[in-house]
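The following pair of complexes shares a single chain, chain A, combined with chain B in the former and chain C in the latter.
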Partner chain A sequence: MKLAVSIAAVAALASVPLWLRDPYLLNALITTGIFVIGAMSLNLLLGFTGQLSLGHIAFFGIGAYVSALTSLGFDIGLPGGFRIVHEPWPPLAGFALAVLVAALCGYLVGRLSFRVRGAYFVIVTISFAEVVRLVALNWVELTQGPLALTSIPPMQVGWPGLGEFVFRTKLHNYYLVLGTAALCYLLIARLVDSQFGRAMRALMENETLAVSIGIDVTRTLSIAAMVSAGIAGAAGSLYAHYMKIIDPEVFAFINTVTMVIMVITGGKGSLAGPVVGGLIFGLMPVALRPVMAPEAQWIAYGGILIAILFLMPRGIVPALARHFPRPNPAAPEAFANRDAKESA
Partner chain B sequence: MSEFLQHLLNTLVLGGTYALLGIGLTLIFGIMNVVNFTHGILYTFGAYIMFIVVQKLELNFFLALPVAVISGWLLGALVELTLLRPFRGSDIDTTMLVMIGAWIAMQSATLWVWGGVAKSVPTPFPEAPLVLGPVSVSWLRLFVLAAAALLIVLTYVLINRTRLGCAMRATFQDHDTAALMGVNVDLVYTSTFAVGSSLAAAAGALLGPVYVVYPQMGDLAAVKAFAIVILGGLGNITGAVIGGFILALAEELGAGYVSSGYRDAMGFLIIIAVLIFRPTGLFPRAERVG
Partner chain C sequence: MAEAALRVDKVAMHFGGLVAISDMTFVVGEGEIVSLIGPNGAGKTTAFNVVTGFLTPTHGEVSYRGQVLTGLKPQQIASLGLVRTFQRTSVFPNDTVYQNVVIGLHRRGKATLLSSILGLPGARQSEAASRREAVQLIEWIGLGRRAHDLAGSLSYGEQRLVGVAVALAAEPSMLLLDEPVSGMNASETHTFVQLIRKLRDRGITILLVEHDMPMVMSVSDRIVVLNYGRIIAEGPPDAIRNDPAVIEAYLGQGVKHA
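For the complex of A and B:
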């Protein structure tokens, strides 16, 4: 049942370019898709460990910069007279490095900041993102600062002897983003269903109890942050090679807020939530553009966020799921009772 | 040496307004357990009130400051009544997201009404700075320091010498017990948010004429306020005052001796360092963190 819905959803999304020829809308779908990947990675932290990271865009941006710099090459001087000269590598290597570096940053930030919880964790993550933004802005020799990194080559894959393929057009990039998103969805679904996923959820439900049955809190949370940051880095790499230009504005706080809104409205802790919320909020500007000024759109954004928190505090997907209940023989009675009590 | 003295003097002026920002946020954070993302937009709001009253209505500069404080108080009360009261009892993440929604909507509204171009507020002070031996300071900045000091003292009196302040302190310690003792907790929450907001608006009204007024000016101010609150310890007003001056000193010295590009990074580095090495802040109260 669930698998059939997923396959139907992917098939429906894959057929979009066949009947939609408008390049503006296709572009909106590609950028939305990239942000949906980011939102899915945020949901892994927010929805399954309960930790709200408001610096998630840092990992996205680090992925974008690492991927761009790997494929463009750079030449920088370090204190003490050292020079680092890097020749351009193929974009696929940039993608791999983006995932690795973002994941490493995620692990380190997690390791250091999971000593604090709640509001404090939120503020540490915001600070981390702002520091990274200021470095991107001020380390002009490496990042060009506000002048932006330009002419980033498009993503390409190749195998010796089989030739290579360059994702040059919007159509190519659409399928690239769709494929990556589907892979990330599968990865997160497998992870959440594994023993590790159950440890994460146990921590979210009751940390003291989880510790008492032998779950290593810092390790579990750090690994979750690592995977989440790695996926965000992958999204950032796709973004860099699609847009072909990135500047420190990619780290803007509003981009994190956009991802958080996607997760919260769709439904945190539900696998399909970020996809549904992401498609709604990613495509909303397209729908609102003819009728509203951009500033008014943002006012509507804020209003809709508050309205959804008030009306559907658990998000759209869980709210829908309650209207169309699926008989699930595996669900223990206690959980069914608890849900009934909560909805009462 | 004179350069260093000049940095110290700048720290004093900047620190006063930072302390105002920090006190407002630490009150709201400590008493209501709300991570207030509208704090920055209230700062912007105060600056725009100054601009409207002085530049558009052409009224007296010294009259505009109380107008800004009172407007901030009213807007804060309105936000608390319409947005926070319906979410009372929700977890801290939910109220934080509500505040983020309110912040986005209010900032976009400011941008819509006034446009993105930075405005400047005319002041009645002479252009020539006051020269004190090796250092100099503009009259406007001296006025900012004096006004900030006055507002800090007034807030102290409010918290420590009035019935409302007593009720606020009781609610901070334990809001259930306070409610049992007959404290009107709803009123305390609304007053706390209104007072905190009016202090943010005052900080914006004071710094607006020093720099320029634009819709996003509050974003950095908000994060700096968080840095000050974390530095001083949650809900600790004295800590917020000291934290404000420490942040101002770090920024001045960082900009003066390291690189002016990293001036605004100081606040964030302080947050990260404090939370990693001393998560209860420099002046902790007996309270668990997180």
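For the complex of A and C:
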């Protein structure tokens, strides 16, 4: 049932370019899709461990810069007369490195701050994002600073000699983003449903009890932060190779806020939440533009946000799910049936 | 007495100037049911927290089956098979009883993170095994009727049972129960006493903190009495019942024959 809905949703989204020819709208869908991936990664932390990362865009931006620099190459001098010269690598290697470096950063930030959690984690993540932004702004030799990294090559798969495919057009990128988003969704769904996912939920619900039955807090939360940051890094890599230009503005706080809005309105702790919230708030500016002045658009944006939170405080998806209650077999014979079914 | 499972050796616990436990030494043998009793504030729950790693003792040492526990984190102590329940109800309230027990099985899960994500057969088998064990455990403890209700929605007594089921899911060789029957009515208490005996028959050593004296007297092999952070008496129920120091601690001076 759930699987059928997911397949139908992916199929519907895959059919969009067949009837929607407007490149402007397709562009909006691609950037929205990239941000939906970011929001899904944020939801893994916020919705399933209860930890709010208010610097989540740092992992996205790190992914973008790592991927761009890997595929562009660089030549920098270090103190002591060392030079590091990196020849351009294929964009796919950039993607892989983006995921790894972002994941490593996520693990370290988690490891450092999860001993104290809560507000401390929020502060550490904000500070981390600001430090990374300042590095991107000021290490001009590596990042070009405010001049931006330009001419980033499009994403490309394949192996030299065996055939290659370059994601040049918007159509290509649309399917690239859709495919990546579907994979990330599946990954998060599997993770949340596993023994590890139960440990995360247990820590959020009752940490003392979770610890008393042998769940390792720091390890569980650090791994969650690592996976979350890695997925955000993947989104950042897609962003860099699609936009072909990135500057330190990618680390702007408003980008994190946008992701948080997507997660909260869609429903934190629900797998489909960030997708629904992300599509609504990613596409809203596009929908409002033809009918309103720019100033009014932001007022409408805020108004809709408040209305959603007022009417559906736990988010859109949980509110809708209430109208489709799952069967709740409480009778003992149902429990026995369930036993038989599950061990089959 | 059987071979010692838990050894508490000259343990003291100070909170700043407050001495919660001044000098405590006792042993729990394998397969024994030992109760720790004493008036309010005697240091019973503190003793529990020291044994299970939620507090680090100021002096002294706790060891379980020969392994020193000082410095270990609660989850590491749980992995040694020493599992506790809590004084207040402690369940995962937004999960069903069934899900609570599956979470409790955490320590037994064999699936690695990667194999769960990839959906490998090993991970699926481990998941299926967990589900079967959870169902068995819930039936065994008598919560089958409640399996798909949210744990937070159950009655007080039932939530205590869920707490014990979660602890049992962690496969303890020794279980520490902190006031398990407080707030239970007489028939619930009676059922719980039988449950404790069944646990011992499964080979689980039990350390109990409890205020309900008839219950303690009927279930314990031995009783350790604490007052003001010190052990004032130790022995089988009959000896404790007639011990003058215990009577004085509970009823005050001047009453010689309670």
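General remarks:
One rule holds in what follows: the second predicted complex is superposed on the first by the 310 of 344 C-alpha atoms of A that agree within 3 Å, B and C clash if a C-alpha of one lies under 4 Å from a C-alpha of the other, contacts with A are read in each partner's own complex, and residues count from 1 in each chain.
In this section, a residue touches a chain if its C-beta (ideal position, glycine included) is under 8 Å from a C-beta of that chain, and two chains touch if they have at least 3 such contacts.
No experiment lies behind these values; they were computed from the predicted model shown.
Contacts of A:324 after superposition: neither chain B nor chain C is touched. In the superposition on chain A, contact of A:223 is made with chain C only, not with chain B. Using the contact criterion defined above for the overlaid structures, shared-chain residue A:159 touches neither chain B nor chain C, since it reaches no partner.
When the shared chain is aligned, chain C comes close enough to touch A:198, but chain B does not.
Of the two partner chains placed by the overlay, only chain B lies in contact with A:303; chain C stays clear of it. When both complexes are overlaid on chain A, the residue A:209 reaches chain C alone and has no touch with chain B. On chain A, the surface touched by chain B in one complex and the surface touched by chain C in the other have no residue in common. Taken in their complex, chain A has these residues touching chain C: 187, 190-191, 193-196, 198-199, 201-202, 205-206, 208-217, 223, 328-332, 334-336, 338-339, 342-343.
On the chain C side of its complex with chain A, the touching residues are 52, 54, 73-75, 78-79, 83-86, 90-95, 98-99, 102-104, 106-107, 109, 111, 113, 116-119, 123, 126-128, 130-132, 135, 138, 144-149, 163, 166-167, 169-170. Interface residues of chain B, counted against chain A in their complex, comprise 29, 35, 83, 86-87, 90, 92-94, 96-98, 100-109, 111-112, 219, 223, 226-227, 230, 259, 261-262, 264-265, 267-269, 271-272, 275-276, 279, 289-290.
Residue ranges of chain A in contact with chain B, taken from their complex: 52, 112-113, 115-124, 126-128, 130-131, 134-135, 137-138, 253-254, 257, 260, 264, 293, 295-299, 301-306, 309-310, 313.
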